[in-house]
Amino acid sequence: MKTIGIVTSGGDAPGMNAAIRAVTRIANSRNIGVIGFEKGWEGVLTNKHRHLTARSVGGIIQLGGTILHTSRSLDFKKDDCLQQAADNLNTLGVEGLVVIGGDGSFRAALDLSKKSKALMVGIPATIDNDVYGTDETIGFDTAVNTAVAEIDKIRDTAISHERIFIVEVMGRKRGFLAVTVGLTIGAEVILVPEDKCKMDHVVSIVKENARKGKKAGIIVAAEGCGNVSEIAKEIEEKTGSEVRLSILGYAQRGGSPTARSRLLASLFAEKAVDLLCQGKGNTVVVLQNGVVAYTELETACCGTKPLDPNLMKLAETLAT
Amino acid sequence: MKTIGIVTSGGDAPGMNAAIRAVTRIANSRNIGVIGFEKGWEGVLTNKHRHLTARSVGGIIQLGGTILHTSRSLDFKKDDCLQQAADNLNTLGVEGLVVIGGDGSFRAALDLSKKSKALMVGIPATIDNDVYGTDETIGFDTAVNTAVAEIDKIRDTAISHERIFIVEVMGRKRGFLAVTVGLTIGAEVILVPEDKCKMDHVVSIVKENARKGKKAGIIVAAEGCGNVSEIAKEIEEKTGSEVRLSILGYAQRGGSPTARSRLLASLFAEKAVDLLCQGKGNTVVVLQNGVVAYTELETACCGTKPLDPNLMKLAETLAT
Amino acid sequence: MKTIGIVTSGGDAPGMNAAIRAVTRIANSRNIGVIGFEKGWEGVLTNKHRHLTARSVGGIIQLGGTILHTSRSLDFKKDDCLQQAADNLNTLGVEGLVVIGGDGSFRAALDLSKKSKALMVGIPATIDNDVYGTDETIGFDTAVNTAVAEIDKIRDTAISHERIFIVEVMGRKRGFLAVTVGLTIGAEVILVPEDKCKMDHVVSIVKENARKGKKAGIIVAAEGCGNVSEIAKEIEEKTGSEVRLSILGYAQRGGSPTARSRLLASLFAEKAVDLLCQGKGNTVVVLQNGVVAYTELETACCGTKPLDPNLMKLAETLAT
Amino acid sequence: MKTIGIVTSGGDAPGMNAAIRAVTRIANSRNIGVIGFEKGWEGVLTNKHRHLTARSVGGIIQLGGTILHTSRSLDFKKDDCLQQAADNLNTLGVEGLVVIGGDGSFRAALDLSKKSKALMVGIPATIDNDVYGTDETIGFDTAVNTAVAEIDKIRDTAISHERIFIVEVMGRKRGFLAVTVGLTIGAEVILVPEDKCKMDHVVSIVKENARKGKKAGIIVAAEGCGNVSEIAKEIEEKTGSEVRLSILGYAQRGGSPTARSRLLASLFAEKAVDLLCQGKGNTVVVLQNGVVAYTELETACCGTKPLDPNLMKLAETLAT
C-alpha cells in the first residue's frame, strides 16, 4: 500500500478531524502517503484533493466539523459517476479509501467498490449512532453531551416556572440520541420513533407527576417522532399543564469533540489503516462489546441496529 | 427598615439567585430581615413566602433560574388583587420590596405602589436587556455567551457543508441580544425588529459573499423579526444558496450565570438595599456609563431603550 | 430485602449523586427503603444518616460531588470501630450496603463484611479509574473531559508563545487519566508512573520536534511520576527549550458529570440493587467489555489493573 | 494612511485574534493595507511579517491566543534594536502601528516612537486588567469566567469533603482578577497583594465560619500575594481546619474569548484605526465609564491603576 485516500461524507460529526489526523499520521508512520478529497464524494468525482501530511493535520484534533468539508452527493449513484470516481482513484494511485461517515456514505462506498480496485474501509462517524454493527459512532458522545448541557440549562427555567418542557433532539429516524440524553438528564418521558408514541401513557405520567407535586418536567423527543409542536399541543390539551417546546438544532452536530469521540476516532483510524494494510477491503471498523473490530461493508449497510430496550425500561424506572 | 421582601417575576434570568443572595446578606448585615415571596407576584397575592437568611441563600450564586420561582401573573392588574397584595405586605411588616425582573414586573410594582406603603425598588433582570434607563440587565451577558457558544458550534457545520445558517435568538420584541450575539460571532447579517428587514440587502450580501468564495455564513435573527422559517425560505429562493434554520430556544434563559451577571446582580442588590434604607422608593437600580445608579420606576416602565446604531454599523463593517 | 444503605467514601467523583439517585429510585420501585449515611464510613460509625426517597434525590443527577458528603476515615480499620458500624447497620435493619467509592472504600467494606450480616456491594466511583476488574469507573470520563478542556486552553498559549508546557494531571499512583488525556489532546509526550520516566527519550522527542519546526508542545504527566517541577527543569536544561508548568488541580474532581458518567452511574446502580436482591454480597459491579457485570469484592481489592500498552503506543505514533 | 502594522506582544490574552480581525477589516474598509508582525516585537526587529486581508483573518474571532504569535522581547530596549525596528517600519511603509498587549508592550511602543515616524496606538489586552486608564482590558472577562468555572467545580469537592480550599489565580502583581473572581464565586476570603495579608483576619473568619457550621469554604488568593503553599500551611496550623491548595494555571490565559472580550476587542480596534486616521499617535484606547475613549501612551505606561475598595468591602459583606 503506497497511497490511501480519505473522504468525509454525509452529515458532519465531531471527531471527524481527529480521525483524519489519526489516519494520516498512522499511515505516514508506515510510509504510506495520504490524499484527502474535498467536499465528500464530490471531491472524488471532480478530483478535488490535497496531500495530507503529519504537519498539515496538526492542531485539528480538537476541532468540530471536517477540514475536508463534506456534502450529500446525490449524483453518486449514477453509473458513469461511479466510473469517473474509480478512474480518479486509479489515476492518483489510491489503493485504499477510508470513508468516514454514516450508512449513506457506506452504501456509496459499496457501489464504488464495484467499479474500483481500491479497497474500501468505512469508519462510522455520525451523531445519530445508527450504524449497524457498532456499539458507538464517532461524534455520538459529543452530541449527547451537547444536548445534556443544553437541557440542564432548560431545566433551570422549567423548575423556576414549574412548567413541562418538551425538547426535540436529533437522531434522524432513530431514537439512540433521545434515549441516552433522556436517561442522563433525568427526563420524565422519552419519545422515540421505535416506540409508537402512546399518548395516553405520556398523559398519565404528566398527570401523576402533577398529583405528586412535581410540576416541572422534561420530555425528550427524537426528531423522528414527527411533529413535536403538535405533540406538545396535544399533551397540553389532555393534561391541562402548560407545555413549552424547544428544538435543539444544529449545535448538536458541531463543537469540539469530547475525549471519547477523539479516542474512538483515533482507535478506529488505527484499525482502518490496519485493515487496508492487511488487504481487508469492503469492511467497516466497529466497536463491539468495548473492543475495536470490523464487519463487512455490506452488513453495515443493510442491517438495522436495535434500540436497547433495557435502557428504555431503566429510564422509566428512574423517572419516578 | 426592619423587613424587606423579595419577589422574582416574569421570565427567569441567570443571576436572579445571585441577586436574591446579595439582597439577603446585605440586608442581614444591616439587621434587616428578609422575606422571599414564592412564584412571583402570585406569592405576594396568596401570601406564600419564606424567611431568607444568610445561610439559606448559601450555595446559590452559581445557579440559573430562581429559587423563589416565578410566574407571569395576569390577575395582578385587578384592583382587589393589588389591595390584597398590599394588605399582605402590611401584615408581614414588609417596609420595602425588591422586585427582580423586567419592565412587566416593574409596571406591576408601580401599580402596587399606589395601594401599599411599602417602598418599591426594581432590579432589572432579563436576558432581553430591554429595560429603559440601564445599559445592561442581569442575565443578558449569560444569554449572549450561551448563544455565542451554540453558534460557534453551528459554524463548524456551516463551514463543513459550506452552507448558510440562519439562527434565531431570543429578545422578545427587541434586537439587543441579536446585535451583541451577531457582532461577537462574526455574523454575515444581523436582522433586528428595529430595522425593517430589507430583504434585498440581505440577498445582495449573501450573493456577494458567494461571489467572493465565502460560501458558509451565519445570519443572526432576533425572534421579534417574525417568521424566521419564511425568511429562510425567501433567502434560499432569492439567492439560490441552501439555507438551514436553527432556533436557539430556552437554553438561552438558563444555565449558570457568567461572572458578569453575578457581579451585576451583587452590585445592583447593594444599591437596592441602599435605596430602601435611604427611603428612596419607586425607583429602579440601573447601570449608566459603567456606574451603578438609579432611575424612577415610572421612567423605567415608560421609556423605550434605543438600540445602538454604531454597533449595527460596526457589525456590518466587520462582516466583510 | 427491606432496607438498603448507601455510603459514598474516599475522594468524590462526578456521578456519585447520579448513582445515589439511581440506587434510591430503583430500590424504591421494588419497595425497598433506602438510608444514606453521612460523610462516608464516619456516618456508618457514628450512625449519622437520613432516609432517602425518590423525591429527596430529585434534581441531583447533574450535580458534582456527593450530597451524602464523604471522608477518608482512618479509624475504620480498628476492630471495635468495625463492630460499632456493624451494630449500627443491624439496628437500622440495613440488609444490604451499597458502597460507592474506590479500592480503599472497598477494602473497608471487606473488613466490615466480616463483622456484619449486611450484604456489601461496591460501585466503583473514582476519577482515577484504578479499580481492578472494571474497564471504567464513575467519574473517570468527566475528569478526562475536564482535563482535556483545560489543556485545549493551555495549547492556545503554548502555540502563541511557541513554548513547551508540561501539564500534571491527577491519577494517584496510576497513569490511566494521563494516557487518555494525553492521547485525546494530542500530547507530544505522556509520562506515567508505570513506565520508568526515560528522560533521554523525552529529551530526544522535544529536540526532534524543535528540529522539525514544531516549537510548541504539550507533555502530559501523571501526578504519580514524582516532582513535576523538577522534571520540567530537567527537560529545560537538557533541551534548551523553555518549559512552563501547569498543575491541573482539584477542578478535575468536580463539575457536572458527563453523560457517560451519569449513564454508568445509573447502570451500575441497577446492577448493585439486582445483586443485593439476588443475595450476592461481597461483590463489586464492573464494566467488562462494554457489559455491566460483577466481580468478587476481594478480587477488586487485591488485583492491580494493567495499563493498556496499545494506547501508549498509539499515542506515540499520533504525536509525530 | 496607506499601511497599518499590527503587533501582539507580551502574554497572550483571549480576544487578541478578535482585535487583529477587527483592525484588519476596518482598515481594509477604508482602503488601508495591513501588515501583521510575527512573534511580537521580535517580528518588528527581524522584519518577519505577513500581509493581512479580510479573508486571511476570517474564522479567528473565536480563537484564543494570537495567530501572530507573541514573545517577551528583552532586547528591545537597546538603542540599535529600536533603530532597526524603526527602519523596518519605514521600509515597509508602515505609517501607523497598533500594539495589542499590556503595559510592557506599551513601554516598548513608547521607546520605539522616539525613533520611528510611525504613529503608535495601543490596545490594552491582558488577562490581568492592570493597565492604567482603562476600566477593562481585552481578555480579562474571559479569564475571570475561566477561573469562576473551575472554582465552581472545586466547590463540589470542598462541600463534599467539608474542607477549606485556597485557590491561587493569576494577576501578576495585582489583585484585579482575584477580587472579581472571589466576589463572583462567593469566596469566604480574598487575598490580594494590594492589601497586606492580615493572617489574623483570615484565621478569625475561618474559625467563625466553622463555629457557624460552615465547614467548607473557598479562599481566593492572587498570585502576587506570595507563596500560597506557605499561606495554606499557616491557615491550617492556626485554625486546625484542613486546607487544600489548587493553583489555577495557564488555562486562565487561553480558551475561546467570551462575548464581552470579543466585543471589547472589536470596539477597541475601531477606535484604534480612528485614532490613526486622525493622526493621534502615542495613544492608548481605553474604556472609561462604559465608553470607548483614549489616553496618552505615556500616561498608560506610568500610572498605577487603583483597586476598587468598594468591591473588596462588598465581597466581605457577601461572604457571611
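Just so it is clear, A, B, C and D label the chains in written order, and each chain counts residues from 1 on its own.
Methods note: a residue touches a chain if its C-beta (ideal position, glycine included) is under 8 Å from a C-beta of that chain, and two chains touch if they have at least 3 such contacts.
Here the structure is a predicted model, which is why all the values come from computation and not from measurement.
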| item | value |
| --- | --- |
| Shortest chain-hopping distance from chain A out to chain D | 2 |
| Any chain in contact with chain B as well as chain C | A, D |
| Farthest chain (mean CA position) relative to chain B | C |
| Separation of chain B from chain D, taking each centre as the mean of its C-alpha atoms, in whole Å | 28 |
| Where chain A and chain B are represented by their mean Cα positions, the distance between them in whole Å | 35 |
| Multi-chain contact residues (two or more partners), chain A | 152, 155, 159 |
| All pairs of touching chains, each written as two labels joined by a dash | A-B, A-C, B-D, C-D |
| Residues of chain C defined as touching chain D within the complex | 8, 11-12, 14, 16, 39, 63-66, 69-71, 146, 150-157, 159-162, 165, 244-251, 253-255 |
| Touch list for chain D against partner chain B, complex | 21-22, 25-26, 28-29, 54-55, 58-59, 61-62, 135, 141, 144-145, 148-149, 152, 155, 159, 180-181, 183-186, 212, 214, 256, 258-260, 262-263, 266-267, 270, 287-291, 314, 317-318, 320 |
